[in-house]
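Right after this note come the structures.
Each of the next two complexes has subunit A plus one more chain, namely subunit B in the first and subunit C in the second.
Presenting the complex of A and B:
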């Protein structure tokens, strides 16, 4: 105990003595633990970043410089020619308007597919989580099983179905295919998220007189921004990166960017233009890359939120 | 059972609810009078919340009928039943302000703007939440949230209020405060209220009548004092009262010119006990509440016996003294000034008039 101090300043001194160690715990920046930890992290990061570095460096070189063969050296003379060529004039088959055509095709495929699949899947998940309709469990099991069936099994039947409907080779057909294949995982995602919301909220809304759509639009939707962000990221990157469905269900003039990239890179005529190929690849990967950079934190949060309850 | 009520506000007739093969509520009947405060009391899993959800229309029943204000609402939507409900977790819409929370139901119903404003003003005044109207629920304390939740039922101008353990998420002090407020609210509004709780203090203090439930069946439906003093079976006797009622196992015998309860050397005369039915000799359970037993208060009791103090539990306002009677645990409630010491020899005395006798097999009151 502290004695009654004679003056205020004495009291302060006494208290300081009594407090003992204060402030943050001292840390040693170069402890063995830190060196090991950060060393490993840096090595692994370099290992993963190296290919990207090579791609960027190569895409900025002219062909003569590339032929020198030193792939790690930075460009002596920086040129954006390959980027322009990859975007605007590279040839695939008969079209010589570069990746731009594929880019816009991919946009026209991705945007409606993402919107359609998320709109349907969120309502599905909401209905499964909150309105325990008859056969809900069976429906859910069928949906989950659907997620495990390999795509290859369904490719040919879907070709026939699309042909019979008359939309084979069109963007509409591909949008429908993407929406259907996104359904199991998205529905699961939304169902789990809505299940984790307090059920009494749903009951209160029912007592307040809101119906199926009223509760969905006015109560559930405003509360589920994180899971929508997750779903958008999953779908945008998934559909943008898709190659298989793109090559099977579209025609050359409606090929998505990935298919067109493959055609540019794998064309056998003439000289292999490594710089153009690198630029084209980076351009194609740019959209998912940007999506990840913008939404990194939200993505993690949303995945965590969706994973709380099974 | 109380006599049938004319024009009941809520009437539940032969209600059954099954989840698959499990029967949650079993042909249950309950009539609630206009303006009555009914408490459904029971341990968790007894079906009390389920029954409330059935009344609210949030659960589809398997059999039976539900009437509210004389209208058959068995298959009506919750909003058409004239009920308002208050939930344990408050269930406020987190993205809306208090005002929007209160008005949500009215906006869904498409009420005129000035009517909505009028009703919110009235509810906010009654519940004293006017300064909170523009806040989000996350910026409210537990007590304030529950007030808003009550307000949401209030603005809808309903006939019947349903409370689903509304105070369970609050700390002890707030719970006591809001309990009084709910009672005041009931006096002011004079609505029918059905209140679910597992807290016997809430039940005793709030209810006009308590329905004690167990296993989907209403065990006893009566005024709190009647339930407390004359429980119909051993479950009700043990569930109500804290500290709990003392139970002594023994048997009944008609000897020496009257009925007696015998247990391991004890012989309790039952001449003052009011039997519900003609007693028969055989095993029985003798129950008496700790506060109906007196310690060291001399002769003059119809029954008294010597014993020794084992443990003393001071509880502030009074003290619980544990001892042995007929080789069985027995507690006595005394004022804190008269607390005996450990191992002290004492005499207990009581009047069997205040006791409850139960059949050893069925547990029913004798």
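Presenting the complex of A and C:
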């Protein structure tokens, strides 16, 4: 050992970030390492923020200014006209009532889908964690492996099933589809959470005579609110952002916001109004963005829970 | 309650079984049944309506003789390699930078991850605007005086798939960064101390000690990226609608267009079965390791 200076107290202070060859040297705010570190992070952060900035800036400009100017320059004259137009009068095909229609459709799709899918998956995860029956694990594994099957393989059979039931093209049909495809990840989430809860709790409730639903409603549900929040975040963003199911399982008058947005922006007729397009794009991204910025760490936890298991 | 009597095996744990009906139906009817149905009908000559008129492998021969499908596959491969390599490298580097006990870590993480909250449609439309040759980056650079500057990936059929990959990377690397960061946080501090005592430089510690230790995280991440690659659809629809011409077509779009526009169901089924096959090549070994291993434990 060459480094004799390392006293026990130094060893505690030693941190990962002082890994340089000089050992436990006091940190300088403007060391070369820090300039490199923060410099890189700031440049990358600017790159990530740039599209959001350009979106906002473009949506606040008038069309003449866009034609003449630079996409990065801030608006000379701020106008909210594009926002109003995008929300209320932008056209898709023959409908000229703007994105508001898509917005309310998306609300009508997202709210019941989130509630239904979470209700099903939480009870399901609870059954898998605490009330195992023979074969339950087999179905669960099928469910998890099934989550990786490309949706394209299953969309047509589901079209047939929905048509047979008579709900193809309705919002109800789409809600069911979202509940089906949300099931693997949510069931996994809830199963893992309920499994990690102390077994004694469950046993005590059983001794006291509580049944399947009693334990779920009175013990499991109140104790697992954080995981419900995570699930809600996961589902709200996922369902709001969906495009494929919306385009397959709904009709033009029930299109969700993403589908309508794409139709507005990529429509071939008419003069392209880039400011309206960008306003519409922000409006569509707003709901998941708000969810994201409010939820903060829980969002990260949600995707981490969904991704890294066990 | 009738189940207190427990008349036979079937009614034991009845409530749990009732609660699991949606899962069982989804697993059996949609996942297994739906997949089997599609695979079965991919051997038929269904056009507008599905019909059980078997033609053997005809649909597959036709599929692999269709230029649009071949372009789709080529695009998927390029897009896949780019996504895989760049999102892993960028995601890991960003995670490693954030793991240096820096200040404002939460702010940086929030910024890197926010595109992931946006849909592929929104992502695609923003980047369509940024890459617009008349107004976007190309115009800005030209206005600066470099008049011969050319950067119009979405309008150049030989590089259009790279333009799409730029948007995909912007949207998705934040997620990979978060997964990697979780993995890095799982590494024992003692490893770092030991490496430091031995005088191993930091980059070497990452490359030869930390990354091999993060193998499980990398495998999971790989599976997630791979599954996402095959599904790519909305992004292409929003950014280019498959154009210019058919230069940026992808398999998922091929399937959709043949099923719902070209009214050639058989082709759509055959193409989706090929997608399934490619996913299975990745998933089956992973599922075997994951679940096979867990059962032993």
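Assume the second predicted complex is superposed on the first by the 272 of 310 C-alpha atoms of A that agree within 3 Å, B and C clash if a C-alpha of one lies under 4 Å from a C-alpha of the other, contacts with A are read in each partner's own complex, and residues count from 1 in each chain.
Heads up, the rule we're going with is that a residue touches a chain if its C-beta (ideal position, glycine included) is under 8 Å from a C-beta of that chain, and two chains touch if they have at least 3 such contacts.
Source: prediction; values computed, not measured.
Trainee: With subunit A superposed, do subunit B and subunit C clash or fit?
Mentor: fit
Trainee: Name the contact category of A:208: first (subunit B only), second (subunit C only), both, or neither.
Mentor: After superposing on A, A:208 lies in contact with subunit B but is clear of subunit C.
Trainee: State whether subunit B or subunit C is in contact with more residues of subunit A in the superposed arrangement.
Mentor: Partner touching more subunit A residues in the overlay: C.
Trainee: May I ask you to decide whether A:95 touches subunit B, subunit C, both, or neither, giving the answer as first, second, both or neither?
Mentor: neither
Trainee: For A:170, using the defined touch cut-off, is the partner it touches subunit B, subunit C, both, or neither? Pick first, second, both or neither.
Mentor: A:170 sits against neither subunit B nor subunit C.
Trainee: A:222 in the overlay: touching subunit B, subunit C, both, or neither? Say first, second, both or neither.
Mentor: Touch partner of A:222: subunit B, not subunit C.
Trainee: For A:248, decide between first (touching subunit B), second (touching subunit C), both and neither.
Mentor: second
Trainee: Between subunit B and subunit C, report the minimum C-alpha distance in the superposition, expressed in whole angstrom.
Mentor: 8
Trainee: So in the complex, which bits of subunit C are touching subunit A?
Mentor: 1, 12-13, 15-17, 19-20, 22-24, 26-35, 37-39, 50, 94, 97-102, 106, 108-122, 125-130, 135-137, 139-140, 143, 170, 174-175, 178-179, 182-183, 189, 192-193, 196, 199, 201-202, 205, 217, 220-221, 223-224, 227, 230-231, 233-234, 237-238, 241, 251-252, 255-256, 259-260, 265, 268-269, 271-273, 275-276, 279, 283, 287, 291
Trainee: Under the definition above, what is the set of subunit A residues touching subunit C in their complex?
Mentor: 11, 14-17, 19, 21, 23, 37-38, 40-41, 44-45, 47-52, 54-55, 58, 66-67, 70-72, 120, 123-124, 126-128, 131-133, 136, 139-146, 148-158, 160-161, 179-180, 183, 187, 211-213, 237, 240-244, 247-248, 258, 261-262, 265-266, 274, 277-278, 281, 284-285, 288-289, 291-293, 296-297, 299-300, 303-304, 307-309
Trainee: Which of the residues in subunit A come into contact with subunit B in the complex?
Mentor: Of all residues in subunit A, those touching subunit B are 198, 200-201, 203-210, 214, 218-219, 222-223.
Trainee: If we count contacts the way the header does, which residues on subunit B are in touch with subunit A in the complex?
Mentor: 53, 56-58, 77-79, 83-85, 87-95, 104-105, 108-109, 152, 156, 164
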